[in-house]
């Protein structure tokens, strides 16, 4: 028996970088959380503490700030690729990288109905996400969003499920359906990342809203399918959707009815529905999904 | 020496209640986090475990749900008063109450530009808050908001401060100013809670935006003053505003300039500025601020 | 009507400072979270942005690190007093301060049963706390602890409570009692902060363990009383104890009994019990409790 | 082009179940967070909302509680296998499962040096973890731990790394090394889960303590190797170790030295080191690592 080093990576997680484009009087703010991870022939560091190939994580962090200054930021996908390519070419032993970026949104403050050029209010907790994998000259781009919380007070049921000895859930033809969407998609073609994000997000939200839901699985699949149907560039989408339970509160003990009017919002436990929806002619995924959290 | 029981209270914290008004096809959702605390002659429970005056916290929770069904919810302030009065009259020994409610916001989903009647997307992490104190027939209402995150990329400086041997901060005539506003205000007169909240919030945001800031203290005072000037019903406002630091990243070591373009968003530590702004003819505060967290 | 500035304070929150005493080969680690807040005649900053009295929060942070180097740390109480006195004497307009310190615990790693001199494993999430208020030459010291989570599987009941139309809770003569203790106490005399903390903590835990509980209020009072009885230096103790509910899971629908064996640990809502226990000859509290969160 | 459903799973996340073994006067508490996920032929639910194969997540939750009552809990691994096998045999369409369990620790309270039989104090935030995958009759067991926070004040350096134009990090021969260990391991043979956990944990901690660290990578590999060398049942171990930076505070501006005595504990960003260490004759991993978060 021998002991061997397997897959490994290292980097700097959660570099909080804010870039302000002041090239016009109307400032543009980009607020990112950047995680860089490098891969390659790093056996010497692990086995004998030889750091000659270990570009410091501190340097990786500095590079995030410096590149934002030198090149601007653009889309998270393009910025991730820019960083990844730089790192893959930085030290001979480094041959791959994984760059993950979360982007936070800011809305412009309006005064008297007029959007202000330099003041902002924080948007929702939702994040735009990207994960870019690089392996030598190859690369894979995954775009997505996280923590998009949506809720329906109508058009949701859950019936026809199997019952066993432990089943107490009643069939319900009326319920609140609520979820916090995490979606990630990869592309079959070059995509205009700056243009495609907002329409995909809109498609996800609209499909959630307009689909009569017999199961959260059905809603999930409808959301994924709608994106694939409407966006030729998208090859595959993965969705992770917790069922944020809203329990109709039983008021019979107090002699009150409760026709789906008053609910308890639950924290834990929660349902969790995850699925991959893809095109049957999608190109191979390659390393696109390596280590992507929260999916099957 | 004897040992004595001093002030005390007990109740149920964080009852997560969601009410859907389905009286018209356009559903109205109210999403609350309710904390009830009762006070009175509760010495027997503390000293000998006699619970004859201890209305269970479980019952308090049930009452929150039942009242939402029986009376609807309305404004957080009115719902808190309704609950508080009920509890003060529930058991002879209970003579006071403190009801705190946080309200979460949901925006309607639009499809094809049309607002949908029964589907929603979660708004920002900002919360509308209220704390109502009751003591017999007396009551005090405090309204507020929390986690309103705002940021300016221009119009903020910090100069002219004293320097001692530990001071390294340079004077800055250009910086990002960002804060997460917690504001709470009390009233001198009857106020229409359903109408006054949005304009006060708007005043806070607009004043943040339009005030040239020589210090976060100055911005805070301007925000408080603006509310007092524009709303005759408001007697006093208390503001707690962390300085969410955005550090301009030093790029000199890499031979780059950085004219306030690229920043590091800091987590900890953060500045924390808190102040009371009031009218000189404000009525006495009474118990309005008892135990209100996060203020001087 | 005029608008006036009321109470105010400003400072640096959550300065994470770690001090390692290397004066002997057995290193001693002190891990603190320090919040400094200064008070005084700061009207000029608020009204016109004149910062001539505003010792920067950045300087306050530097001072925390510098003082740890210059004077060592000692107990949180002594370090807070040291910092507070410095700030009160720093700028003429600054006349008061409030220094809050949380201390995190580290246990020594043992190898082959031997405590290692320079390696540590993080203890529980519990924190030792202190809040020191200073006003000119006067000062008030509050010590405490937070997030001390304790649980009993026996010796806890809740019966004899009033029932109203919304009451569904059954009387229970057997239940899990669990809470996360926050305790804060002030002193009547000079106290040896380095010696008194551990015994007080031990008294709280032991009293929780050995008290048969007819109500969490009774347990709280017993814990507070025990501290007052055993420590002559302690004048008053304030306890905030959430009832971390463990619901016995109803298995009747599956034809199983459940004699208090299997429980659901609840997140929200939770009961919240708070009370002050003091000596009848305690000296006046002065400003000791100003703005202390989480208490009545 | 057609649209196809790919891999999918659904279940109940974070079922918080506490079991108290009262078979002897010395109660034994087991505190778990259980997540169940089921897989199989669930196309009908996704495509047309046919729930005839969808064993409700609510039933899955009930089963967790019921099984704890019927069979007791034992080790997390055994309880996960018990649950998983039940679900795989529950509905014909369900052919696989993934059961993840986190276990929280409680220490006995001592009074007068004597361990109490029914009262407990919460241990550290560290969790024992397991993830069991089942596919028909096949199964794979991964054990582990998470949030084990360790720190060294001596015996750690970082030198000899490559420098590029963005590198500002100085070489350091003395630093604090701190990390929060997440470790997961799989087995080559039947293992006695109840006996092997504590020694593996001890090996990880001791190796961290006794290894002179030239790089966190080296420490990680040493920790993994030590487990593989000492435990013949373990085939592979995966470690994810953030570098919890402690920055030596620069006091030169105040005229003070700081020979690695006073540090700033950083929150973000943090280094992140991840690697797989395995035996060269380890059996194939099969589905053991499918969807396991936080690893390469």
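Note that the chains are named A, B, C and D in the order they appear, and that numbering of residues resets to 1 at the start of each chain.
Assume a residue touches a chain if its C-beta (ideal position, glycine included) is under 8 Å from a C-beta of that chain, and two chains touch if they have at least 3 such contacts.
The model shown is predicted, which means the values in this text are computed figures rather than measured ones.
Colleague: Is the number of contacting C-beta pairs greater for A-C or for A-D?
Modeller: If we tally the C-beta pairs in contact for A-C and A-D, the bigger total goes to A-D.
Colleague: I need the pair from B-C, A-B or B-D whose contacts repeat those of C-D. Over half of the residue-number contact pairs should coincide.
Modeller: The chain pair with the recurring interface is A-B.
Colleague: At what distance in angstrom does the C-alpha mean of chain D lie from that of chain A?
Modeller: 23
Colleague: Averaging only over C-alpha atoms, locate the centres of chain A and chain C and give their separation in whole Å.
Modeller: Spacing between the chain centres: roughly 38 Å.
Colleague: Quick check: what residues of chain B touch more than one other chain, meaning two or more?
Modeller: 16, 62, 66, 166, 168, 253-254, 267-268
Colleague: Per the contact definition, I'd like the list of chain D residues that touch chain B in the complex.
Modeller: Within the complex, chain D touches chain B at residues 165-166, 168, 253-255, 267-268.
Colleague: Can you list the residues on chain C that touch chain D in the complex?
Modeller: Those in contact with chain D are residues 16-22, 27, 29, 31, 62, 65-66, 68-70, 106, 109, 111-112, 116-126, 148-155, 176, 205-206, 208-210, 246, 249, 251, 253-254, 256-267.
Colleague: Help me check something: in the complex, which residues belonging to chain C touch chain B?
Modeller: That would be residues 1-16, 35, 37, 39, 42, 45-59, 61-63, 66, 90-91, 158-164, 166-169, 213-218, 220-221, 224-225, 228-229, 236, 242-243, 268-281, 290-291, 293-296 of chain C.
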